[in-house]
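To keep things clear, I will list the structure first and then write my remarks on it.
Naming follows writing order (A, B, C and D), and every chain is counted from residue 1.
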Amino acid sequence: MLELRDVQVVFDGFRALDGVDLTVPEGELRFLIGPNGAGKTTLIDVITGLTRPAAGSVRFGEHDLVGRKEHQIVRLGVGRTFQTSVVFEELTVLENIDLAASFRRPLWSLARRRRGVSEAVEEALARTGLEELAERSAGVLSHGQRQWLEIGMLLAQRPKLLLLDEPVAGMSGDERQRTGELLTRIADDHTVIVVEHDMEFLRRHASTVTVLHEGRVLVEGSVEQVSADPRVQEVYLGRKASDAVGNRP
Amino acid sequence: MIRMLRRNLPFATVAVIALVAAPLLLEPFRLGLLAKYLCYAIVALGIGLVWGKGGMLTLGQGVFFGLGGYSMAMYLKLTEAGGGLPDFMVWSGVEHLPALWVPFANPVFALVMAVLGPMLIAVILGTLVFRQRVRGAYFAILTQALAAAMVILLVGQQGLTGGTNGMTNFFELFGQDLAEDSTQRLLYLAVAVVLGALYLATRQLVNSRYGRLLVAVRDGEDRVRFLGYDPALVKTVTFALSAGMAGLAGALFVPVVGIISPALLGVVPSLELVVAVAVGGRHVLAGAVLGAVVMGYAKTAFSEQFADGWLYLQGALFILVMTLAPKGVIGVMGRLRRARTT
Amino acid sequence: MRISRPILSAALVLALAACGSGAKPAAESNEIKVGLLHSLSGTMAISEVTVRDAELLAIDEINKAGGVLGKKLVPVVEDGASDWPTFAEKATKLIRQDKVATVFGGWTSASRKAMLPVFERYKALLWYPVQYEGLESSPYIFYTGATTNQQIIPGLDYLKEEGKKKLFLVGSDYVFPRTANKIIKAYAAANGMEILGEEYTPLGHTEYSTLVNKVMQAKPDAVFNTLNGDSNVAFFKQLKSAGASAETMPVLSVSIAEEEVTGIGVDNIAGQPVAWNYYQTTDTPANEAFVTAYKAKYGQDKVTSDPMEAGYNAVYLWAEAVKKAGTTEVEAVKKAAPGISLDRPEGKVTIDGENQHLYKTARIGVIQPDGLIKEVWNSGEPIKPDPYLKGYAWASGLGTGQ
Amino acid sequence: MSAFVNQLPIGLSIGAVLLLIALGLTFTFGQMGVINMAHGEFIMAGAYTAFLLQNFVLALPAAFLVAGVMGLILERAAIRHFYGRPLDTLLLTWGVSLVLQQLARDLFGAPNVQVPAPSWLSGGVGILPYNRLFIMALAIAGVVAVWLYLNRTGLGRRTQAVVQNRRLAATSGIDTGRVDMLTFFIGSGLAGVAGVALTLIGPVGPTLGTYYIVDAFLVVVAGGLGQLRGAVLAAIGLGLLNSYAEFWSDASLAKVIVFAVLIAFLQIRPQGLFALRSRVLT
C-alpha cells in the first residue's frame, strides 16, 4: 500500500531523514515512535507532500507521491491531521466536516448552497461523536474536541491511508481513552499510521511499531519485540526515559 | 416563505429606495453622483469578497476598474468618431486606427471585454502569485506595484490610451444622448440594478460551500491543501471574480461620469476603495457596499465644504476605524443593536 | 448579517436625504456667482492655489471698484483635487447646482480636456489660464495663457538666434510635452537644427541619473525642457551635480516660473532660460499695481508668475465682456468678448474672435540669483494666437487636423 | 559604448538610494512584519529636518532622532495593538501617512523647499558626482551599522530572537515590547537619514514619501523577509535593472519592466532571495 525507499531529507545541512525504508501493508495500524528530532513528523510531511525529499521514492499503490502537491496527494486518498490541530474556527463543526467531504466535487458546484447533510458527513459526525456539537462554531471546541473534529474531517474525506500526528498529545486521560477507541474502530476499515509519544497509549492500541532514530529506522516489529530491543532501550532509556518517552505537556 | 421574506426585507427596502425614491427625489446632478458611488460600491463588493471573505488584500483593484472603464470608453470614442479617428489620436499624431481598437467598435465585445479583460489579468497574476504561495503582505505590495506599473503603461501609450488625459468627451451610448437627464436616470437605474443583482449573487456565493471554503483558505490556507483543495485555484477564481466586478463597475462608471483616466486606477484610488470597505465593515458584504457609498458621499461633501480637511478626515477616520472599530460601521451598528436588545 | 440590514437601509435613506439637501437658495439679485475651480489638494495644488489666489484678488478689486453691472461678484471655490474626473464633477456642480455665471479654472491639459465636454454640454463658460499645447478651440472656453506659437516657437526662435543647433528634448510623459516636442521636431527640420534625443519620464519621477547620463553623452547645444512639477527639482539637482551649468548646457524650460525656483534651489538653476509671457519683473504700470496688491494681500515673500497673471487677467477680461454685453448671459458674453483689449501686467492683450485665445507678447527670461526672472528677449508686439499653427508652413504635417 | 559603461556606476548609485530607503523597512517590515506605509513620510520628516536645520551634516543625526521618535510614537500609540495583523497595519499606517502629508503641507506649505547641499559635495569623479558617492557611502555605512547592531550587540541578538520566535523569546525573559519599540525606532530613524540624503538629489515637499514608498517595498519583497543581505542584493539588482532598462528603453517602460522581472523572479524564489525557513503551519 505505502512503500518508502531510501528517503532522505536535508534541512540546511541537517539530515532530518537519512535513508528511511518503510512499508505499510493495506489495513495495518502502524505506530511511528522515536525521540525528539528522530524525523517522525518529517516522514509524515514527506508522504503528504509538505516536504520534498532530497532523494528516495514514496509509492502509494501505483502512484509515486514525490513531486506531487499536497492537495493532489489528498485526492489520491492520503489524509493527515496535525500536531497542533487546525480547524476553521469561523465555521461550524458541520461545515468543517462538510468542507472536508466535498473536495471531490467540481469547484463550480460548490457555489450552490448546501442542502442537507451527506452520508460521509453523517458518518464522520457519528464516529467522532460530534453530532451534538454539529451546529456549534469550531472556535468554541475544547482541545480534545478539536482533535476529534480533525479526525472527523479526515474520515469525511474517505481516505485510504490516514496519517495521525500525535492525536492524543495534551489530552486528558478520559479523552485519551475515547480517542484510542475511535482509533481502533477506524483501523478496522482503514490503513492508519500514527505518530505517538505516549507509551501507555502505544501499548494499549498498537499492533506494529516502527522506531525512528536520527533519521533512520531503528527497528520495526510488535510492541513487545520493540520494547525488548536493546537498541530501543538505549535510545530511550540511555537518556532519561521520562524525557524521551514521557507524556509531553 | 415568510422566512425568506423576512430575510430579504431589508434588501427589498433598500432596493425600493434606490430604484424608486432616489430617482424621484434627487436632482439630476446628485443622482449622477449617487450613480458614481454605486459604481464604486460594485468594486467594493468585489473587495468585500476577495479581502473580507478571502483575506487577500488587493491594493490594485483600481487596475481592473480602469480596464473595464477603458474598454467602454474605447467603444464610446469609436461611436463618437463615427468611422474616423478618436479626437485624442488626432492630436497624438496617430494616423490609422490601431488594431487593438478595431473590435471595440462592437458594444457587445466592449462590454464583454470590460469584464473578461480584468478577469484574464487577475487569472494570470493570481496564477503566478498564488501558485508560488506568495500571500498576505507580499500579495498586497505586488498588487500595489501592479497599479503603479499599469498607470505608467497607460500614460506612456498616449496614442493608444489618451495618456494622462485619458478619454473624455462622450456623446451617446447605444444611441441615447448622454447629456440628457433621462439617459442619466436610466444609467443610474442600470447601475443600481447591476449592483443589486451582484450583491445577491455574491451573498449567495458567500453562503455556499464555496464561501465556506474561501473563509477556510483565508484562515488556514495550508490546512485547506490537506482537505484536498488547491487554495491557489480558489484564490485565483475569487480574485478573478472580484476583478470582473471591478471591470463591470468601470464600464458603467464611464458613461455615468463621462471620463476615464489613469488617475482613476492608480495606487491612491485603489487604496481609497479598500479604506471604504474597511470603514463600512469588511466582514459583511453589505458593509462593503455601505462603506463605498458613505465614503464617496463624504468625499464630495467634504471637498465642497473645506477641501484641505479631506486628507485629515480620511486619514483620521481610517486610523480610528482600524484601531477602535476594526469591523467597521456595520460592526459598530451590530454591537449597538445587541447592546440594546440585551 | 441579518442584524445590520435594517440599519443599512436606514443609513441609505439618510445618505439620500443628505444628497438631496445640497441645493442652495437662488442667488440674491445683486450678486453674481462665479466659480473658481482649481486643485487645492493633491500634487497640482502647489501651482493651482496661487492661481486661485490671483483670481480672488481680481474679484476683490473688481468688487471694490463697484462690481460688474452694479452687482458684486461672489466666488464659489471648488477643489479639483488634482484628479481629472473630479474637475468634470465639480464643473457640473458649479454649473448646475450653483448656477455660476462663468468658471475660472484648470491648470493641466488633462483637467481642461475633462471639463471641456461639461462646458460644451451645458453651454457654460470656462476661462483657462495656463499655457498649453494648442490644437484646441472650444467655443465655450477662453484661453488666457499662451498657445504654442506664443511660447514654444518664440523659445525656439531664441535658441536659433543664440546659435544653438543641436537640441535634446526632455519631458514628462503626458500630452503637453509630447505635443510640444512634435512641434519642436518639425521646427528643427525646417530650420536646420538637429534633435539629438527625446526622453520622457513618468510624472513625479525623481531618479534622473540615467537621463542625465544620456544628455551628457549626447552633448547637445541646449536642452528643451518640458518636465513638470517635482521632476524639475530632481532633474536640475542631478544635472548640476553631473557638472552641467547654464553656460555649458543651457536648459530652456517652459513650465518653471518664479514660484518653482525656490524649491529647485536657485543655485541649481540660476542662469537658465525660461519662456513665458510674463515675469514678476515685467515693467508695466499694471504689473506694478498687480505685484503690490498681491503681496499686500498674501504676504511680502510671495512671488507672482505667468499663470497667476493669466488667471488674474481672465477675471478682468470676463468682467469687461459682461459690461460690454450688459448681461452675464453666456452667448451674449461670447459675442461681446472678441476684440476686447486691455492693458494688463504683461502688456496689451486682445481677445481673438476666431479662436478665443489672446494676443500675447512672448518673453524669454533668465533666472537670477535672487530667484526672480529677468527678461532678455521679447517678441516686440503681441503675437496673434494660432493654436493649430495654420500660419506656419513647416507645421502642416503635424496631424493637427481641422 | 562609454554611455553603457557609465550606466554601471549609475545603476549602483540608484541601488544605493533604494537600499537607503529600504534599510529602515528591513527593520520594521523585515524584523517585525509591520508594513508601515508611513515609512515614506518618515523619509519626508528627515528631509524637512534638514530643511529646518539648514545644515546637512547636523541633519543626519537629528533626522535619525526626529523620524525615530515619530516611529516610536506610532508604534506605541497604534501599531503594537496590531501585531500579527500585517494587513490591518498596512491600512492603519496608510491613514497615518495621509495625515502626516497634510500636516507637512500645513506646516511647511505645499511648494517644495530648498535644502542647501554642502559645498564639499559639489563636483565629482568621472560620471559619479560626489553626492552620489556620498549616498553610496552612507548606504554602506548603514548596512554595516545594522549588521553590527544585529549580530554584535546584545540588543540586536534579542531582536533577532524575537523575530524568529516571539513567544519563545518572551518566555525566556526578553521584554518583547521594548525590543519592538527599539526596532521601530531604529527602522524609522533610518528612514529619516535616507530623507536627509535624498535632499541632495530630489525635491523636498509634502509628497516626497510617495515617490519612494513602492520602490522601497519592492526591494524588501525581492530581498526576502528579514534578510539584510537579501535587501542589499535586491537593491543593487533593482538599481542595475532600472538603470539599464531605462538606458535601453525609457523611464516609463523601465518601471514596467522592473515589475515584470520581479513577478518572474518570484516564480523562481517566491520568498525572495533569502528567507527564513519555517516549519510552522500558517
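One rule holds for everything that comes next: a contact is a pair of C-beta atoms (placed from the backbone, for glycine too) under 8 Å apart; a residue touches a chain by one contact, two chains touch by 3 or more.
Keep in mind it's a predicted model, so treat the numbers as computed, not measured.
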{"item": "Shared chain contacts [chain C and chain D, defined touch]", "value": "B"}
{"item": "Taking each chain's C-alpha mean as its centre, the one farthest from chain D", "value": "A"}
{"item": "Chain at the geometric heart of the assembly (C-alpha centres)", "value": "B"}
{"item": "Approximate Å spacing (C-alpha centroids) for the pair chain B, chain D", "value": "32"}
{"item": "Separation of mean Cα positions, chain B and chain A [Å, integer]", "value": "44"}
{"item": "Numbers and ranges of chain A residues touching at least 2 other chains", "value": "82, 86"}
{"item": "For chain D, residues contacting two or more additional chains", "value": "105, 250, 252, 255, 281"}
{"item": "Chain B: positions in contact with at least two other chains", "value": "152, 155-156, 220, 222-223, 308, 311"}
{"item": "Chain B - residues contacting chain C, complex", "value": "7, 9-11, 13-14, 17-18, 21-22, 25-30, 32-34, 36, 90-95, 152, 155-156, 158, 163-166, 168-170, 179, 257-259, 261, 263-264, 281, 284-287, 290, 293-294, 297, 300-301, 303-304, 307-308, 310-311, 329-330, 333-334, 337-338"}
{"item": "Residue ranges of chain C in contact with chain D within the complex", "value": "43, 45-46, 49, 173, 199-202, 204-211, 213-214, 217, 230, 233-234, 237-238, 241-243, 259-260, 262-267"}
{"item": "Complex contact set, residues of chain D against chain B", "value": "29, 33, 35, 78, 81-82, 86-88, 90-92, 94-99, 101-102, 105-106, 214, 217-218, 221, 250, 252-253, 255-256, 259-260, 262-263, 266-267, 270, 281-282"}
{"item": "Chain C contact footprint on chain D (complex, rising order)", "value": "2-3, 6-7, 10, 13-14, 17, 105, 110-114, 116-117, 121-124, 127, 129-132, 200-205, 207, 210-212, 242-243, 246-247, 250-252, 255"}
{"item": "Chain B partner contacts - residues on chain C that touch it in the complex", "value": "1-9, 11-13, 15-16, 18-20, 22-23, 40-41, 78-79, 81-86, 88-90, 92-93, 96-97, 108-110, 113-114, 116-118, 121, 133, 135-136, 173-175, 178-179, 182, 200, 202-203, 398-401"}
